[in-house]
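Chain lettering (A, B, C and D) follows the sequence in which the chains are written, and residue indices restart at 1 in each chain.
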Amino acid sequence: MSMSAYLSQLVQVAVALMLAPLLVGWVNQCRAWLQNKRAPSLFLPYRTIRKLFVKDAVVAQNASPIFRLTPYIVFGAMTCAAAIVPSLATDLPFARAADAIALVGLFALARVFMSLAAMDIGTAFGSLGARRDMFVGFLAEPALLMVLFTASLISSSTSLPQIVDTLAHHEIGIYPSLAFAGVAFTMVSLAENARIPVDNPATHLELTMIHEAMLLEYSARHLALLEWAAALKLFNYSCIGLALFFPFGIVVSGADWLAVMSSAPLLVAKLAIGGVALALIETLSAKMRIFRAPEFLGTAFMLAVLAMLVNLLLGA
Amino acid sequence: MSAPDLVVGAIVLWLGLGVAGLARPRHLAFVSRVVFPLGAAVGLALAAVALSAISAAPQMRELPLGLPDLPFHVRVDSLSAFFLMLLGAVAAAVSVYSAGYFRSSEGTAPGLVGFQYHAFLAAMALVLVADDAYVFMVAWESMALASYFLVTTEHRIPEIRRAGFLYLLIAHVGALAILLCFGVLQGGSGDYTFAGMRQQSLIGAWPSVAFFLALAGFGAKAGLLPLHVWLPEAHPAAPSPVSALMSAVMLKTAIYGFLRVSFDLLHGQLWWWGVAVLALGLVSALFGVVFAAVQTDMKRLLAYSSIENIGIIAAGIGLCILFRAYDKTLLAAISLTAVLYHCLNHAFFKSLLFLATGSVLHATHERSLGKLGGLIHRMPWVAWLALVGTLAIAGLPPLNGFVSEWLLLQAFLFTPSLPQSFVNMLVPVATAALVLAVALAAYVMVKFYGIVFLGRPRESNLAYAHDAGKLERTALVYLAAGCVLLGIVPVAVIALIDPVNVALVGSSARTGTSAGWLFLAPINADRSSYSPLIVLVVIVAVVLVTIQVVHRLYHGRVRRAPPWDCGFPAQTPRMQDTAEGFGQPIRTVFEPFFRMQRHLPSPFDGKPRYAVRVEDPLWHWLYLPIARGSDVLGRMAGYIQQGRISVYLTYSFFTLIALLLFIQ
Amino acid sequence: MIEILAVLGFPLSGAAVLAALGHHRIAPKVNVAASLATFLAAAALTARVVSEGPLLVLDRQFFVDPFNVFLVALTAFIGFTTSLFSQPYMRIEEEHKRLSSARLRLYHSMFQLFSFTMLLALLTNNMGILWVAMEAATLTTVLLVSLYRSPASLEAAWKYFILCGVGIAQALFGTILLYFAAEKLLGAGGGALLWTELDGVKGQLGPTVLSLAFVFLLVGYGTKVGLVPLHNWLPDAHAEGPTPVSAVLSGLLLNVALYAVVRCKVLVEGALQTAFANNLMMGFGLLSVVVASLLLSRQKDIKRLFAYSSIEHMGIITFAFGMGGMVANFAGLLHMTVHSLTKSAIFFTVGHATQKTGTQVMDDIRGLITISPLVGWGLAIGSLAILGMPPFGVFASEFLVLTTAMREAPWATPFLLGALGLAFAAVFSKVQPMVFGETTARRLPMRPSMLPVFAHLGLVLMLGLWIPPFLADWYRQAARLIG
Amino acid sequence: MESLPLYAQLINLLASVLLLLAFAMLAQRRVVTLIDLFAAQGLALACSTAIVAYATAQPHLYFSTAITLVLKVAILPWLLHRLVQRLDVKWDVEGLINVPTTMIVGLVLVIFSFNLAVPISQLANTVTRATLGIAMATVMLSFLMMITRRKAIPQVIGFLSMENGLFFAATSATYGMPMVVELGIALDVLVGMLILGVFFFQIREQFDSLDLKHMEKLKEGEAE
């Protein structure tokens, strides 16, 4: 591991932290355009976060330390995840400490703490949100894992950089199994990031909300960290998607950090396109009832399993 | 002093302590301040001895007991040493806890409990060192017997008696199956020593008969489907330390026995055995976790989660058999490592959680989740330590549950290298099932922890709950530390386990893990690597940095206010999710698996109460039919005896005639 | 020689004395004394045989070899402990006005006479005398069973008398056939019925006659062993007689009857050189185990319950002897010992339990452990022991039987597995609530005499963990002898 | 085959008488007559024993002749007669199976036991070998009788005639068992009878009848 490796690692994390709110802003803007509303500023998320940081934190009387610790843990987990997913370069020292399975584990860690914190206050909405979130999670996580396994069967490695290396430079460019995996992944990431059709981030309508219901009791800096973490999560999922299905352009190991910087514009471009796609999906599809969610995610899960099967059948 | 002598010494000491307790049955102080602590010390000593014996060569001894031509043989090899270490390490904690736990004697006198408890420990230790069929069976059944009496400590409560009866019955039937398995293994040679059985080469269907008899017998004790029904009954019935021991150690002795028979005494293994065990394990895992999700009693919930973990372990064993059948010994070694590692992990976090429920039980006299809540404020020690256990059992990095599941998944990812295409097709499904079970476990544990410790107290009397005493705390801290330690230094632990791999599958799992003490990397670092320590450090670092930065750049001001809850004014604790409520999504998704009886209150009901009972379908599909069948047979047999003497004479007459015709 | 006379003389004279003063208050003491003397004599005889090998005395009429000497010792021992137990038991029965002093006299003298007939049956070398002794044992026990003179006890005694009488008659016919076959070789007169002589020439005995004879002998003595479907007298007799009698019936009579069967089997096997006898015994044994375990679950009366469990265990032993071979025979002999000890211990505790609660109906017996812990634990441990729970001796023999059966007769193992499981469920589901739980009964002032119980259970425990070398040698020699 | 010596012919004759009496008892329903028939059977038995004793010059068989006479011709019938008078049970009700059927079954039994006896009789070195079959037949018939009777006393008589059959087998088929055995057997029969006598009175006072249908309480039929 060279010095530059660590440097590119840091650069990548920094980029992720910086770009994440921007991506959220971009998606919201696109969605507004598509629904021909007047779009909010691209930088609204940054302002929101800053504003929240300034405010005084209001915490329920019966909140336990878990409640106040959770935002930091979630934020930390997401940052680590950002350090694992190769967005700019595959030369990531930290990725050796945590592979794809660990990545899913980190997401799960964040989710569990979110749910615990939501239950901590003991309000109806909190436990409702926690229940629904875990409910979505117990189907989405396996699906995500199966998607990653499909890729790791191809590259016979579970470390993401390895996967990307293989996928990026391999004779056979086309993997039928990845087609299935791609669809499954899209569905999963919609669910995981609280997007329509599973959840609607822009509502506080109790019957439909999942993610928002867990944030109800949070305010100020805690809320800011959680919003930021959510943005990071979206960013990470996007980067996973890009890394698995559009790996070109990611700098492979051995390059110095300037090269890494040079790969940033391409990333931004890819993310922009991804954001448009996401906004498109959200506009075209309707929010579904909460108990349709298992069908939706079950389908994703089955597709992921199917992807693995196809991979074993066709050896690709 | 060789290892066997020391182990036997430990067994004798335990028995002695038990007898000492029996000498002064009603003397609580003596039992709790002398007997149990000494028992804990013995446990630690045993663990230390075993630790040193894992890598040593097998040693055996003969005891001056047993049948005339069959003295008790004891033998300590790496496999038994590993499980002995597990036993000692956990037993020490549970004994310390028990010293503080057993209070006034509601049911059985404390001294008697002490005797049964230590006899239980001694029997388990003897099972692990047994080296011939007879001593194995004696220890095995004594273990069942001791634990039965412990389960029925509160024998005045009918449900507890019922649970104890069911437990002992299934244990006994399972033991008979094991007995017959040994009958096959001795191959008519009349030599019941394990050494003799290793010499036997069985032919034809006999190996399979032996294997499946062993699967049935040990499965019954481990709680594999369909012989699991005793487990969710007996665990809640028993006092919490006993539940902890049963779940953490006794189930592992069953795993030990199965490994002993199928890897050590049987020579070759067939691939379809592996498939069978794998399937059974995964079904058990899913079944267990799904049922755990809908439980409303915290100890039943943990019991079902034990079924799940045993299922995962069994799946690993199945995988290992599969690899071994195609002699891919390295991969077999990896999956075996995962199995043993998970045994160790489960022992630690499950005993931690059961002991935590014990403290909750003592503090609140309440086992039903629907009547708990908010205990983190009343009993912070228990709550925070239980949090560690919860995260560990939910399989979250960087704690220990994650490591073994990670290893197991890695092993699964290697299966495509098997020649059997049918098996290959199986892999994705199996992996999916495993992952699903693990994900559901997280759901279950959030339910458990959130409802017991978080939120607001659902009953007023919870306000008087008190935290656990010093001894209890010590035990809980010890176990929690174990969970963390096992989680962050996997390489060291695997180095510890490795001799067992070499002994059982003839290959070390450490060819790849030699990527330094920091990185766990089976096969090679390119393929996959994981370093929980680094993950932990980084997360903690990020958290601390974030806190610092936020507080420096902005401020750390906090105002306390009543919960907002979308501004809804009149909130009561009853508005929180109950256990039923939290389990409801699972109930709807897995509806077909349950037998549910719902009681929906009418909309005009002044005090509406919603009740749902979820029953184990296997009762209705398997056990009740058997019971009815035997009852019918009994009635038919009853017709033989009509009380009329001439009928009886006719029986004798026809017996005579029949025999005379027979010899014609 | 002198020991044999002593072993037979003490009970006989005891019977005579007690017939005279059995109603006297010292009668129980005399009873115990006589039994103790018998036991000591038996011990001396055992010592003699162990040191000097088989005895053949009194003009070859008495024969002691390893096979019967340990049964003699066992019989004398259990006779002794039973007399100890019956001392307080019978006193209470008298206090409760269930027995008059005349009946007590009858009881005491018959008790001694019964043990005399048992010992005679064991010690004699003459198949005819063996038959006579068995018949006499039937008669004495008929009187003991009908001791209460209640309708139920009379019915039980009547069935017992008729069924066993008829059965024994078949045995006599078998004996005659045996004689018929042997006299050609050994000449008319005494020799032709002496087991030792027969054993000497068993190779030349006519196969057809012997197979015929064995059928009659098996049906005859099998009736007394309680083999299904000849068992119907057994539960009634056990349930309706006084508890000490149930104890000796289960503990001794069944053993002795089985002993007779095995003696005959040895001859027949030698003559036929086929597995005929073995198969018959295996079949009857298995049938008994299965049917008994099925019936166990339907019992309401505690003594009937354990009577059926006796049938089950006799079935196991018969099955073991049927399989034959060193290990199985060893197991059978061991099982005879431990079953007698355990079952009589159980009947002792049952006796106390019924006296404390005043009923034999199991649904009315609850929470013994709270009424009297000793009785409660005695019953719990005894039942677990008889159900084959280690570390008790019953498990040791069942271990050997089952593991051998797995290779010798695999077809039988599913039945055995099912039957044993069923028996466990049936018995334990009934014993557990009797031992544990809340009680309704009042405490009785008197202290139970639990010494015999725990003496027996202690021995059984010892046999499960460690069999003394000399005992093991007996078993081995006897097993070899049975072949 | 050459004609048998006289005593052998006599024995065979007595044997057939024995069998005939067994059939008669099977058919007979008057208790008193039953007892007389039993006595007659005893007499036949005694004669045959005496003849065997004379023919084979075995003194101890005279003893058993004497025992038979005393026991089975004198004492037991007398005892039974007294019992019948005291308990006045003159009649037995219709048996469980009606008489003709019983006869047919009996016939089948006789044939069956002859078949059994044939191969064995070939081995016998006694001239009166055929009698073994008859003895077995008698035993079987008595067994049948015990099954079919509903009252206590006829059942006991059946039991005793079974004893007769055995005794006949012991004396005629094989020239007498050893003395001690015969004495033992005789003693057992006597004691058994005495006990039964006591029994009858007790049964009588408990159930005020000797009908066996009162003694069907102990059963498993409907345990619940």
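Remarks
Note that in this section contacts are C-beta pairs under 8 Å (C-beta built on N, C-alpha and C of every residue); 3 or more make two chains touch, one makes a residue touch a chain.
Because the structure is predicted, anything quoted here is derived from the model rather than measured.
The leading chain pair by number of C-beta pairs in contact is A-B.
The chain with its Cα centroid farthest from the Cα centroid of chain D is A. Note on chain placement: the centre of chain A and the centre of chain C lie 78 Å apart, centres being C-alpha means. Per-chain Cα centroids separate chain A from chain D by 100 Å. Put simply, the C-alpha centre of chain C and that of chain D have 31 angstrom between them. Between the Cα centres of chain B and chain C there is a gap of 44 Å. Along chain B, residues 637-638, 640-641, 645, 649, 656, 660 each make contact with two or more other chains.
Residue positions of chain C with contacts to 2 or more other chains are 158-159, 162, 166, 212, 235, 295, 298.
Applying the touch definition to all chain combinations yields A-B, B-C, B-D, C-D. By the touch criterion stated above, chain B contacts chain A in their complex at residues 373-374, 376-377, 387, 391, 394-397, 402, 406, 409-410, 413, 416, 424-425, 427-429, 431-432, 435-436, 438-440, 442-443, 445-447, 449-451, 454-456, 519, 525-531, 534-535, 538-540, 542-543, 546-547, 550, 553-555, 557-566, 568, 571, 573, 575-577, 581-582, 584-586, 588-589.
Across the complex, chain D is touched by residues 637-646, 649-650, 653, 656-657, 660, 664 of chain B.
Here chain B touches chain C in the complex through residues 64-68, 133-134, 137-138, 140-142, 145, 152, 155-156, 158, 161, 164-165, 168-169, 172-173, 176-177, 179-180, 182-184, 186-188, 190, 192, 630-631, 633-638, 640-641, 645, 648-649, 651-652, 655-656, 659-660, 663, going by the rule given at the top. Here chain C touches chain D in the complex through residues 126, 128-129, 131-132, 135-136, 139, 142-143, 146, 149-152, 154-159, 161-162, 165-166, 169, 172-173, 176-177, 179-181, 183-184, 188-190, 192-193, 206, 208-209, 212, 235-236, 239-240, 295, 298-300, going by the rule given at the top. By the touch criterion stated above, chain A contacts chain B in their complex at residues 53-54, 56-62, 64, 66, 68, 72-73, 75-77, 79-80, 83, 94, 96-99, 101-102, 105-106, 108-109, 111-112, 115-116, 119-128, 130-132, 134-135, 137-139, 141-142, 145-146, 149, 152-153, 156-159, 162, 204, 206, 216-217, 221, 225, 291, 294, 301, 304-305, 308-309, 312.
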